[in-house]
Structure formats: C-alpha cells, structure tokens
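Two complexes are shown next, each including chain A; its partner changes from chain B in the first to chain C in the second.
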Partner chain A sequence: MNHSGASGRRSTLIALASTLVFAAVLVLVVSNAPGWPSVKQAFFNGEVFRDSLGVIPEAFLVNVKIFLIAEVLILPFALLIAVLRSLPGPVFFPLRALAVVYADLFRGIPTILVIYMLGFGVPALGLSWLPIDPLFWGVVALVLVYSAYVSEVYRAGIESVHPSQTAAARSLGLSHVTALRFVVLPQAVRRVVPPLLNDFIGLQKDTALVGLLGVVEAFRQSQIEVASTFNYTPYLVTAILFVLLTIPLARLTDWLVARDRRRQLAAGGAL
Partner chain B sequence: MSAAPALVLDGVRKSFGKHEVLRGIDLELAPHEVVCLIGASGSGKSTLLRCVNMLEPVDEGRVVLGGDEITAPGVNLDRVRRRVGIVFQAFNLFPHMTVLRNVTLGPTKALGKRRADAEEDALELLGRFGLADRAGDYPDRLSGGQQQRVAIVRALAMEPELMLLDEVTSALDPELVAEVLSVIRELADAGMTMLIATHEMSFARDIASRVCFLDDGVILEEGDPEQIFSAPREPRTQQFLQRIVAAGRL
Partner chain C sequence: MRKAIALLVSVALLGATAACGSDDDEAAPATTAPATEETDTATEATTEEEPDPCAKEELVTVVDGSLTIATDNPAFPPWFQDEEGAPWDPTTPATGLGYEAAVAYAVAEQLGFTMDEVRWAVVPFNNVFRPGPKDFDFDINQVSYLPARDEAVDFSDSYYDVEQAVVTLKGSEFASAASLADLQGAKLGAQVGTTSYNAIVELIQPSQDPAVYDRNDDAIRALQNKQIDGIVVDFPSTGYITAVQVPNATVVGRLPAGEEYFGLVFEEGNPLRDCVNEAIAALQSDGSIAQFQEEWINTAAPPVLE
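What follows is the complex of A and B.
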C-alpha cells in the first residue's frame, strides 16, 4: 500500500466524501420514516439518557468485574483442556475423551441455558457447602462455556507447530510435557493471541446474560430504568458502554494481526 | 576383546501403514567409527536414523546402544535420547529462542545442569565453531549454514556418545555446504562416533570409515569407501553411483 503524496491525499478525500454521502443518506432515510418521531422519543430521549449516566455505568463495573475474573480463569483452564487433548498414547485415552466431550458439550449448549442451569439449578440442590451467590454461578457458567471455545483455539495453535519441532525437542531427551511447555506451547500461544482476543470480545458481551440470574449488572440495571421511565433510552446507554469496551480490544487484535504479518514478511518465510 | 560396539542394529524392521520402509537392517558401529549411509531418496536412510534414537518406534528387531538394548520394553527413551545427538535436514532450531537458549535447553531441562554452567559450556562450544557472536541472535537472523552449525552445537551440548546426521547439507545453498561439512570433519577427527545419511558422495568418500548402500529398505552393500565408490559389486549400487556421477555429484 502506497499512501505517499498526492495520490494518498486524493484517496483520503474520496473516502471522506463517500462516508459523508453514506451518512447523509442514512440520516435522511431514518428521519423520514413514518415511525421515526416515536422511535426517537423511545430510544433517544436526552433527558433519560442523562439520568441513566449515573446508575448504568456503575452497574457496568459489575460486567467488567465478571469478564476480568472469567478471563483470568479461562486462560489456564482452557490451556489445560487443550493439553489434555494433545496427550499421546492409549494410557491417556480417558483424559482425551473427557476433553473432547467437554468441548463438544459446552460449545453445543446455548450459553443462556448453561447460565440458567447453574445459576438456578445448583443452588436449588440445597447443598449448604456450595455457594448460592448468582454472580459466582454466572462466572462459572461463562468460564465453562468460553473455556470450551478457547481450548479449541489453543489446540489449533498447538497443531500448527510443525511436528519437527517436537521431534527436535524429544531428540534432546526432553519429556513430552517438557517439550510441550518449552518448545510447542510458547510458539502455539503466540500464534493464537488474535483469535483468543476475539473470543474474549464475545465473552465481554455475554456478561450481560448473568443479569438473567438477578445480578444487577448494566443490562439488568437498564431494564430497571426502562421499567421506571417507560423509555428505552437506558438500553442505548448500555449498548454504548459495551461498544466502548470492545473497541480497544478489537483494535489491539487488529494491531497484533498486522504485527504478525509484518514479522512473517520480514522473516521471508525462512521458517 | 575390543570395547563393546557403539551401536548394533539387529534385524530392524519398520513399516508406515502397508509400506515397509526398513526390511531387516543389520549394522554395527565400533566406537569412533564414521559410517555413511548412501542411497536414493526413499531408500529408508532417514527412517533408519530416526529408529536409532527411537523417534520412530521399530516394529521388529533390536537396537543396542553402547551395550544397552534400547528396544527392550520399559526402557526410558528420554534417557536414551540424551545419549544420542541428531541433526536434521531442516535444522529444526527453536525459532522463539536465541541461539544460546537453543543450545542450553537440553542440558538444563533434560540433564539438569545449572543454567550458568550450561551457558558457559554452550558459549565455549559456539566459539569453537565460530558462532560466539551469534549467541544472542534468533535463528531467523542466521544464514542456513550458521543455523545448521547451531543445530550441530545443540546436539553436541548434550555430550552424546553417538551423533546421527540426516542429510544435514541438503537444505543449504551450495556455497554454504562447505562450512557445515568442515564442522563434521572436525567432529570425526575428534573421534566422534557418527552415522551419517548423505548425498555428498565425495564427502562420504573422504570422511567415512565405512559406507553402506541402502536400497529398498535393506543394506545391499557395505564396505570401505574406496571399494564402494571405485569397485561396487552390486548392480544396483553401480546404477546408483552412475546416476550420481551423471548428475555431477561425484
């Protein structure tokens, strides 16, 4: 890509102009729609917007707490699942099978069902030694579901490391686990950081599902606001907060992908 | 009675699926002997080397390393592999580690050497092969010849009793072959026992104490290099060498 000089300025101008035209058309179409005045009143009410800015961001901190805890737990747990699945030999068949069943099960069941089953089902068992805090079970559900996805991401990374690397490590007398730890995993993890962050973007959104258990996080709080104002603008506030949170992670992912591509080009395919 | 053989292969067989790659290999290496394996691509040279350090499990037959049968059940293969160095055609350096770390990984993680000691030994070895100034570099900053010399040093750092070299110059640009061959020559002069699969016939002729011609999974002919290259007995050996001469490699 060559953005030098006049041709660079020209393409910037073209991009700007086409964006403006597109935005103008969109505004015209929407604002001329027959239902626009009532939609505007229901979703874009300035007064309600201002009022929501106090309580909803505060509740949003609960979402931030949920995904931070979940991410910290998912990273090692998913890695463990992926490693179990990569163990060789017939002795480890039960562990491999367990890892496969786990990944199939929790990628298959809708997240919302897992949250309901754990959040309402487990406390209903009446086992006094188990926590009954819905926040706890919400986090557990998200960790279980997203670890299934992330373990597949790790596994793809492990399998992308050429078998000759393992052969070289084993030929030095390293055990399977030591070779995995020092030779295979460092290369695998580096490669899967972008898709892994992508899964985390999905996780951040799904923290809203924990609200269904009664935890007052941003989505639940906005429902409460909607019920008291008969206006949907609090949902808009919540949506904006989630987007604002996603953007940095999305850009970071893009940047990492671009950096990897540059490195590959620099290495000239020598590896 | 001389010392125990460094390596004995006794009726080694190996198949991949229905394809039998090794069909009964018998071979013996005395200590300090350098044996070159020659033969067409697909004749089983690489598989044979990988069976010696059990990177490929053998289907039948015995492999005896320095008097210990390593094909016996219950043998700790990690311990066996610490005694055998192997250098691969494609170098197989660890791209995420510096040259120094590549060399010290085995001694620290497999032999339990202290890191400082391992690094000291590694730097000395790297210096011996003209690589001291590359210790802090990552492999992708090195030329192919340098990478392969690092791979040799990595194997040597384990102080192996036997070295296996698998077509170590085949992936190199022609002008880089000599620097790697001279390293191997130095090892031979130092008395290292080596089993070398190679396409470099003049090198084999020069360095080998014995040459084995591998054809279709068996050692069809073996003898001292003079005899094999000047007066091969088997028609298949003659054919193979004629093709090599025609290709300008001998």
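What follows is the complex of A and C.
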C-alpha cells in the first residue's frame, strides 16, 4: 500500500510536469505564430467576450430545451424500433424490414438535410392541420435522426443477451413480450447506457443545426454577434457553453463504464 | 490535483483552438500571403519615388496584372444578373450586368484595368471579414459600413446609400401597415449578419423575436411557408423578390433611412482602398453612379414607414 501510494504520487507529478511542458510548448508555438496578434484580436477579444455573455447564454437555453425534449422522445421511440427489428418469425417480416429501412435511411441522410427538408418542406405543403413552427420540425428531425442511431445501440444490447436466456424464459412459460420485457431488455439497456449517452452528446451539439430554420439558438446568436462586430470571439463563448454542457454527461458516461467494468471484474473473481 | 490538471488541459485546448485558427488563416488563401508583403514594400517605395501611387503599374493586387473582385454565389439581381436576368453565378463568364457589376467594372476601368483583367472570386457574405490575408482585392456584396466592422476590414466610400424595406405576402394582415407601430405584432425574418436584422431589432422592435436565416433565400422560403409574416431586406433587393422569387409578395414600405451605405470591403490596411475611393469620387462627380442607379434600381419607391 505504501509503495503504491508513493508511486501514485510520482505518476501524478510526472503527469503534471508533462502536461505543463506540453501546454508551455503549445502556448509558445501559438503566441509566436506570425498571425497570432490578429487571431488574438479576432478570437479572444475580452470586450466582445463580455458583451456576448449578455446574450448568448439566453439563446443557449433554446439548445437545452431542444435536446431535453428530443432525448425524452428518442429513448422510447428508438427502443420501439429496436424491438420491432428483433421480432422473430416470418409474420413480422414487414415490421422488421420497416425498422431496417428506417435505420438505414436516417443514419444515411446528413442531419442538416433532414432538418432542412422537414423544416421548410413540410410547412410548404400548406396543410393547415400540420404545425409550421420551425422549432417543432427541428425537434422532429433530430428525433428521427438520433432514434435511428440509438435504435442500433439498443439492438446491439438486445443481441448481446445470450439467446439461451430467452430460451430459458420461454421454457418457464413467459411469452416473447414478457421475456423481452423482464429478461432481455433490463440487461440490454444496462449494457448500452455508455454508447447511448455518447449519442446524446452528439445530439446536444447538433441542436445548433435547428438554427438553419430561423430559430435563434446559441450558434445563430453568436453569428449575429460576429456579424455586427466582425469579430469571432462570440463563437468561443458558444463553444465554451457547449463544452460545459457536454462535460458532465461525458464524465457520467466514464463513471458508468468504470462501474460496469468493476462489477464485471468482481463477478469474474467470484466465479 | 485533478482540478489543476483539468485546468491545464482546458488551457491547452484553448491554445489548440487558437492554433487551428491561425493554421486556417495561413492555409486557405496561400496565394495572397506574398502579395501582402509586397504591398507593404511597394507602398513605401511609391510614396518616396512615384508621383501617382494609383497608376495601374504601381498597384499591387492579389494576382499581378488583374483585379480580383469577390462576391457571393449566386449573385442576385439587381446587383448582378446573367443575360436572361436571372441570378449570376460568379464562376461563369462575367456579363457586366447589374448595379454592382456596373460599379465594379467602372471602378476597375478608373484604375486602368480592362474588363478582361477583372477576375471574380466567390466569397460568402460571412467570410468577407474573416481575419488574415484576403484572396481578393475588394469585395462587392452589399456590405453596409458599420464602425465595428471597420475595425476588422477597411471600407471604401459609399457606392450606394441604402434603405431597408419590409416585404410581406399579399393578403397578409401586415400588407397594409402604414407605420412602424403597425408592424409591432409581426414575426419578421432577415438574413443573419445583415443590417436588415439590425433594422428589425433597433427600428421596428416587434414584440416577437425575429427569425434569422443563413441566406435570404431561406427567409423567403419561410415567408412563403407563412412561418414568418414578413422579411426585411435592402430596398433594391425587393424588386427581384416580388417580381420573380415570390410573385404574391408585396413591399409594405421602406424603413426610415439612417446613414447606412454599401462600401467595397478591403483587407485591413490595403493601400488600394485610397485609389478606389478616388475612382468612386470620380464616378460620383461625372454622374456614372447616378446613371447606374437609374438603369438598374427601381426608383418607384414605396412610402417610408415612420
């Protein structure tokens, strides 16, 4: 124990020293670049930074709203797609095919195009019973795209549960649905939480694409600031806001992965 | 300790962001880097020896012997157009048609460049003021002078004193608006980064937040979709919008004019600007600019909304 404590301290010191050297080299290289003064003025302007802090965080709430709504909708919708895709038997072929086509289509089309086509295309139909709110269609587009990704994550989880478990459950008299609900899904979902959160980090960033439809979210607001000052510092403010939002989720994912690993190792030891 | 490391890493990341930025600036317009240096030495030399720094052989341009002018793609009437009166693609042969085309070629002629010596470059509106060297001599793309913008780039004197105008659909409740107050309840849209957006926020001050789009085309699409009640654009652009793009649209009125004007955009400190200003002054005094306006810009102006 004593030994490992000392070597732990030593590793930390080495890590600290190497980080310091790395950062120092980076700072030297950047600050000696011929264009640094103009880059500093254009990207790291303190005055513009403070001015942006007044307006961009408010617009960022729109991004938060978009991804909170989208995430809540994606979780059950993607699960439905994944379950459809794992239905057995020839009767369910049309549903399985539909789920495959869906996942292929929406993972294949660039998100920005889905947003553009839904946000400007559907309202152009002129159907009075359909909403025309760009925020609505932006969220719909993100739900469609990210559900395709997340359904594949779920499917990987479902397929990772050994078929013998389903067989055992069925032999105990559980129906396919009950076996799925009580035996397969609880294990599957637990296994895919880290990659699932990873997709959500992607979703958080893609909320900026909804700005395309006229919604003033953080990126759009920073563009407005950039255009009125001809200075790029507002982009830095937006980038920091997105990172601040992403870090807690990233750390949570790391923690979940580590916990899962510990549990698996513990189980292995017990065996 | 973890906090300290996290702090260091974030500092390093910031540094990395900056490094990427500077890389970009150097990589993209590689061709211009030497030209900029030459510019400096050339001006020093000319001020000492040459009586006329605006003589064509003294001008230092991005491409030797040519004048490189930038605009967005597509470039819309009445600013640019092709033989059929449709928007002009600057990567296709120049037509010289449209108000900005006329001004650009007239300025080029004043500087001593023939029509064949003018090159066109495509630069989207929001890239015009990117810091660092430019790969064009000047940009002509309805960029309004603003003091803050002037800190990042240089503007020529006015080649057009601009007013903003509101466009809505015929039959909209705002089509008959007679004052700014009548537009209070309207959901208005504009292109991001334009003074049209500023006009909504500062002049009209509607109760609903404006919608902001990447391009005017998107704003026009949203207007057709009735996602917004109206768009604000510079007045000369309304002619093409109401005549071709949205035939069932109408100009509600112009907005009270400020001191707003369009200027040609130069890289900060480009000495070419002074010569171009002389050219613009000459075109103003010999009536060319007025004649271009008469030729290309609809002067049957709707009322000003107060």
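Simple rule for what comes next: the second predicted complex is superposed on the first by the 265 of 271 C-alpha atoms of A that agree within 3 Å, B and C clash if a C-alpha of one lies under 4 Å from a C-alpha of the other, contacts with A are read in each partner's own complex, and residues count from 1 in each chain.
Here, a residue touches a chain if its C-beta (ideal position, glycine included) is under 8 Å from a C-beta of that chain, and two chains touch if they have at least 3 such contacts.
Model, not experiment: these values are computed from the prediction.
In the superposition on chain A, A:F230 makes contact with chain C only, while chain B stays out of contact range. By the touch criterion defined above, A:Q165 reaches chain B but does not reach chain C. In the superposition on chain A, A:Q187 contacts chain B only, with no contact to chain C. Of the two partner chains, neither chain B nor chain C is touched by A:I74. Residue contacts after overlaying the shared chain place A:S175 against chain B, while chain C stays out of touching range.
In the superposition on chain A, A:L84 makes contact with neither chain B nor chain C. Of the two partner chains, chain C is the only one touched by A:F43; chain B is not.
Chain A makes touch with chain B in their complex at residues 164-165, 167-175, 178, 182-183, 186-187, 190, 267, 270-271.
The part of chain A that touches chain C in the complex is made up of residues 12, 15-16, 19-20, 22-23, 26-27, 29-30, 33-36, 38-44, 120, 123-124, 132-134, 211-216, 220, 223-224, 226-232, 236, 239. Chain C meets chain A in the complex at residues 1, 4-5, 8-9, 11-12, 15-19, 21-22, 25-26, 126, 129, 131-132, 146, 148-149, 151-153, 189, 192-194, 197-198, 209-214, 218-219, 221-222, 224-228. In the complex of the two chains, the chain B residues touching chain A come out as 50, 53, 55, 78-82, 84-86, 88, 90, 92-96, 105-106, 109-111, 140, 154-155, 158.
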